[in-house]
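Here come two complexes built around chain A, the first alongside chain B, the second alongside chain C.
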Partner chain A sequence: MSHQLPAILFLLPLFAAISMPVVCLKHRHWSHPISVAVLVVMVLVSVLNLYNVAHHGEVRYVFSGWTVPFGIEWVADGLASVILVLLSVLSLLGVVFAGPTSPKSLGGRIVHYYILILLLISALTGIVFSRDLFNLFVFLEVAAISSYGLVGVAGGRALFAAFRYLILGTLGASFYLLGVSYLYAVTGTLNMADLADKIPLLLDSKAVVAGLLFMFIGLGIKMALVPFHVWMPAAYTYAPDSVSPVLASLVTKVALLAWVRIIYWVLNASIAIYDIPILLLVAVLGSLAAVIGASLALAQRDLKMMFAYGGISHIGIILIGIGQGNQTGFVGGIFYLLNDAVMQAALFFLAGVAFCHYKVRTIEDIGRVGKQAPWLTGSLIVMALGMIGLPPTGGFFGKWQIILGAIEAGSYVSVAAVLLSTLLTLAYFVKLFEAIFRQTSAPLDVKFGEIPLSFKLTLGVTSAAIMILGLFSSPIVQMLLNHALPPGL
Partner chain B sequence: MIRPHDSIIVQTLGRFLIPVVQIFGLYVLFFGQYGPGGGFVGGVILGTGMILSVLIFGHDASRSQFVKNVLHGDGVGMLIYAGVGGLCMIGGGEFLNYANLEIPGLETASRRSLGIVLTQIGVAIDVAVTAVSIVFSLSAEEIMEDSING
Partner chain C sequence: MVDTFSAVIQRPNLLTFVIIFLWGFYIMVTRYNLVKKLIGMYLVQTSVIYFLVSISAKKGATVPILFSATESVQAANYANPLPHVLTLTAIVVGVATTGVGLALCAAIYRRYGSLDEQEIIERLE
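Now for the complex of A and B:
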């Protein structure tokens, strides 16, 4: 039974998504409880899978029972299993959060929303597990197409953002596919383990170098790496409030994970292409993203826009950790990825609550309801601690590990980039808190009722998770060190 | 909104051609076992036949009623596909490993053959429905919304 777990994890949301149009044809309000139930089961199965992988080693699964270089191989290793737990918990929270907000913010298209979000979750599962470059492309496309649909599901202004996302996302997917076809033309294989044997001997081939470059650009667009990030803030800002937490916390992080897979599992990470070490490239791009993203966040007035740029800078910080080429940096990067996914979900939940319940969108306006919104302000403080990276939260330990890794690798520019982006993050949260606590604008004299239970639940759980990831950082980091390291690091 | 075509030649030829197109679609679908063909191509041809009937006889004709009902089948094809895969998993094999399709009285080779036919039928249904729904959503957005939201 346990060898089927990766496929079961993928099929649970897929089955739910494709039976939704039939089941919910007459009873549209069933879609919410069904999705929640399926995702609860998925959380349990993913925890079981993590336990199984940690105790009995990685699970290899080849679809249709083919032999390895020919069939599509999925591997549930430590890294994939940890990410899957994160993915299923955050999607469950996202769907729980969507309950009361969805009818209004989705313009009545409730069933569409649940179908697309379950499809998105199953596609992300596929990306995390897949060890086949073309299969990875298919799931990237499924995830992307459901995200375009989700961003534009409510119509109106979001349609423009969704269309721009569609154009750039398709460009990214095309670049990736072009890269895969170059590699396939040269090596004749798509399996990652098989490619890992063949590519190091072929680095003189211009086709391989061009293919890798195309793949990196394609995935760079998908993960909103800095020169290619323009689609991301608008898409996440104008997406319905019940959509943006799941998109912001998961889609870019999973694309980043695919990049990590290719760098460490397909390429030997220490190789240099035309005398440029690829890890140096990763660290430099990460440093640029960390600083530029945070500076752009400082210039925003819209809450969601600010958080989206914050997410761009955190992608950079994760890449700095990944790019150091030592165990400390890698584990720090992955641990920061976990934290960042939780923090992004939390921030977009907060922005969603602020808009759905208090009808505020900008930093000035949030100051006017601050006194009346204890849950909002309380969880915002925890999230700010996490985003800035102050000690009791997971953000601190992630950044700490990354900085230790960078010092170990002697890359002081990376250290400076992490610190600079931390300062800029501090600056934009100070801006936010100044608006709340200094009360420069007159408070609204509208009475707001108690916020719904599901809002309290999602804000509470994510804020608690930010703290718990910090308090239990050493066992988590130890587990990542034991199970999630790439071969040869 | 698609109105019926006003040419008697098109109407008469359509009445004759559409069944032929559908039969050819089924032929391509099942011929995929032995040669070029299969679920995707067969589904496209089946879908084209249905689109043709809507284009010729109009959206409101009684002949197009079937096509409108077909739209509710979105997801059924995927259910068949994933269901066959799931049966293989219940049989103890990997997803879509047709050798583990537990049907008594069949040898492994026949199981594989049957499994592929079933999944291809699922693919064909989904492709046909998608083709029809693209045409409907391009021609009349309100109708599409109504038929999905009930």
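Now for the complex of A and C:
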């Protein structure tokens, strides 16, 4: 039974998504409880899967029993299992959050929303587990098509953002597919383990180098790495409030995970292409993204826009950790990825609550309701601590590990980039808190009343999770060190 | 120089792929009409699919079904079926993306009464 867990985890949301239009045709209000139930089961199964992998080693799942390297292989190793627990918990929270927000923000297309979000979750599960480059492409595209639909589902201003996302996302997917076909033309295989044996001997081949470059550009567009990030802030800002937390916390992080897979599992991380070490390239791109993303966030007035640019800078910080090429940096990067996913979800929940309940979109507006919104202000303080990276939160320990890794690797530019990005993050949160506490704008007279239970639940759980990830950082980092390291690191 | 040129001329399939890809990319970047952008996107996708098919072509080869059970297998007689399967999947993905793109175009047209990118951006502000 336990060796079927990866497939079960994938099929649960997929079947729910497919049966949703049939089951909920007459009873639209059933779609919310059904999705919540399916995702609760998924959380339990993913925890079971993590337990199983931690105690009995990784699970290899070969579809239809076609032997590797010809068949499609999925591997549930430590890294995939940890990410999957994160993915299922955050998507459960996202769907719980969608309960009261969705009727207003989705314009009546409630069933569409649940179908697409379950499809997105199953595709992300596929990306996390897959060890086949083409299979990865298919799941990237299923996830991307569901995201285009989700961004545009409510119409309005989001339509144009969704269209731009579609054009750039498809260009990225085409680049990725082109890279995969280059590699296939040279090596004749798509399986990651098989490629890992063949590629190190072929690094003189221009086709292999070009293929890798195309794949990196493609995945770079998907994960909103800095020169390719232009689609991301608008798409996440104008997406319906019940959609953006799931998109912002999961889609870019899972694309980043696919990149990590290719760098560490397909390529030997220490290789150099034409005398340029690829890890140096990753660290430099990460440093640029960390600093540029945070400086752009500083210039924003719209809450969601600011948080989206914050997400871009955090992608950079994760890449700095990944690019150090030692255990400390790698584990720091993955630990920061967990934290960042939770923080992005929390921030977009907060922006969703602020708009749905208090009609707040910009920094000036949030000052007007600060006094009346204890849950909003309280959780914002916790999230700000996490985003800046102050000690009791997970953000601090993630950055600490990354900086330790960078010092170990002797890369002081990376250390400087992390610190600079931290300072810029501090600056834009100071701007936010100034609006709330200095009361520069006149408070509104409107009474808003209590916020719904599910808003309190999602804000409370994510704020608590930011703290808990910090308090239990050493067992989590230890577990990542024991189970989630790539081969040869 | 001459060597490079003749190397390019000897690979007409790669040349065609590069031309279609860049043509599609050019259309995506320079045209303001959203449907034209979609056409460019579709050209880019199609060029990658064309590349996949062209690298799997083999002269004198046929479907990978054994001619006889007794003779030994001559790999030169059979074409590799995998790229074709990948191509089919990539076509399906491309069709789905184009469908979503056209649906978005239709919704944008209904809302803004225009498909011109600059007019829509003006109306957004």
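Throughout what follows, the second predicted complex is superposed on the first by the 489 of 489 C-alpha atoms of A that agree within 3 Å, B and C clash if a C-alpha of one lies under 4 Å from a C-alpha of the other, contacts with A are read in each partner's own complex, and residues count from 1 in each chain.
Throughout what follows, a residue touches a chain if its C-beta (ideal position, glycine included) is under 8 Å from a C-beta of that chain, and two chains touch if they have at least 3 such contacts.
Not measured: the values here are computed from a predicted model.
Q: With the two structures overlaid on chain A, would chain B and chain C clash, or do they fit side by side?
A: Once chain A is superposed (C-alpha atoms), there is room for both chain B and chain C without a clash.
Q: Give one of first, second, both or neither to describe whether A:Val138 is in contact with chain B, with chain C, with both, or with none.
A: A:Val138 sits against chain C, while chain B stays out of touch.
Q: According to the stated criteria, A:Met20 is in contact with first (chain B), second (chain C), both, or neither; which is it?
A: First partner only, chain B.
Q: Once chain A of both complexes is superposed, is A:Ser181 in touch with chain B (first), chain C (second), both, or neither?
A: Second partner only, chain C.
Q: For A:Gln4, decide between first (touching chain B), second (touching chain C), both and neither.
A: After superposing on A, A:Gln4 lies in contact with chain B but is clear of chain C.
Q: In the superposed arrangement, which partner chain does A:Thr170 touch: chain B (first), chain C (second), both, or neither?
A: After superposing on A, A:Thr170 lies in contact with chain C but is clear of chain B.
Q: Of the two partner chains, chain B (first) and chain C (second), which one does A:Arg157 touch, if any: first, second, both, or neither?
A: A:Arg157: touches chain C, not chain B.
Q: For the superposed model, what is the least distance in angstrom between any CA atom of chain B and any CA atom of chain C?
A: Superposed on chain A, the two chains' closest C-alpha atoms are separated by 7 Å.
Q: Which chain A residues lie in the overlap of the chain B contact set and the chain C contact set?
A: On chain A, no residue contacts both chain B in one structure and chain C in the other.
Q: Would you mind writing out the residues of chain C in touch with chain A in their complex?
A: 21, 25, 28, 34, 37-38, 41, 44-45, 48, 51-52, 55, 80, 82-83, 86, 89-90, 93, 96-97, 100-101, 104-105, 107-108, 111, 120-121, 124
Q: In the complex formed with chain C, which residues of chain A make contact?
A: Where chain A meets chain C, its residues are 134, 137-138, 141, 144-145, 148-149, 152, 155-157, 159-160, 162-163, 166-167, 170-171, 173-174, 177-178, 181, 184-185, 188.
Q: Spell out the part of chain A that touches chain B in their complex, as residue ranges.
A: 4, 7-8, 11, 14-15, 18-22, 25-26, 28, 61-65, 108-109, 111-112
Q: Which of the residues in chain B end up touching chain A in this complex?
A: For chain B paired with chain A, touching residues are 72, 74-76, 78-79, 82, 85-86, 89, 93-100, 148-150.
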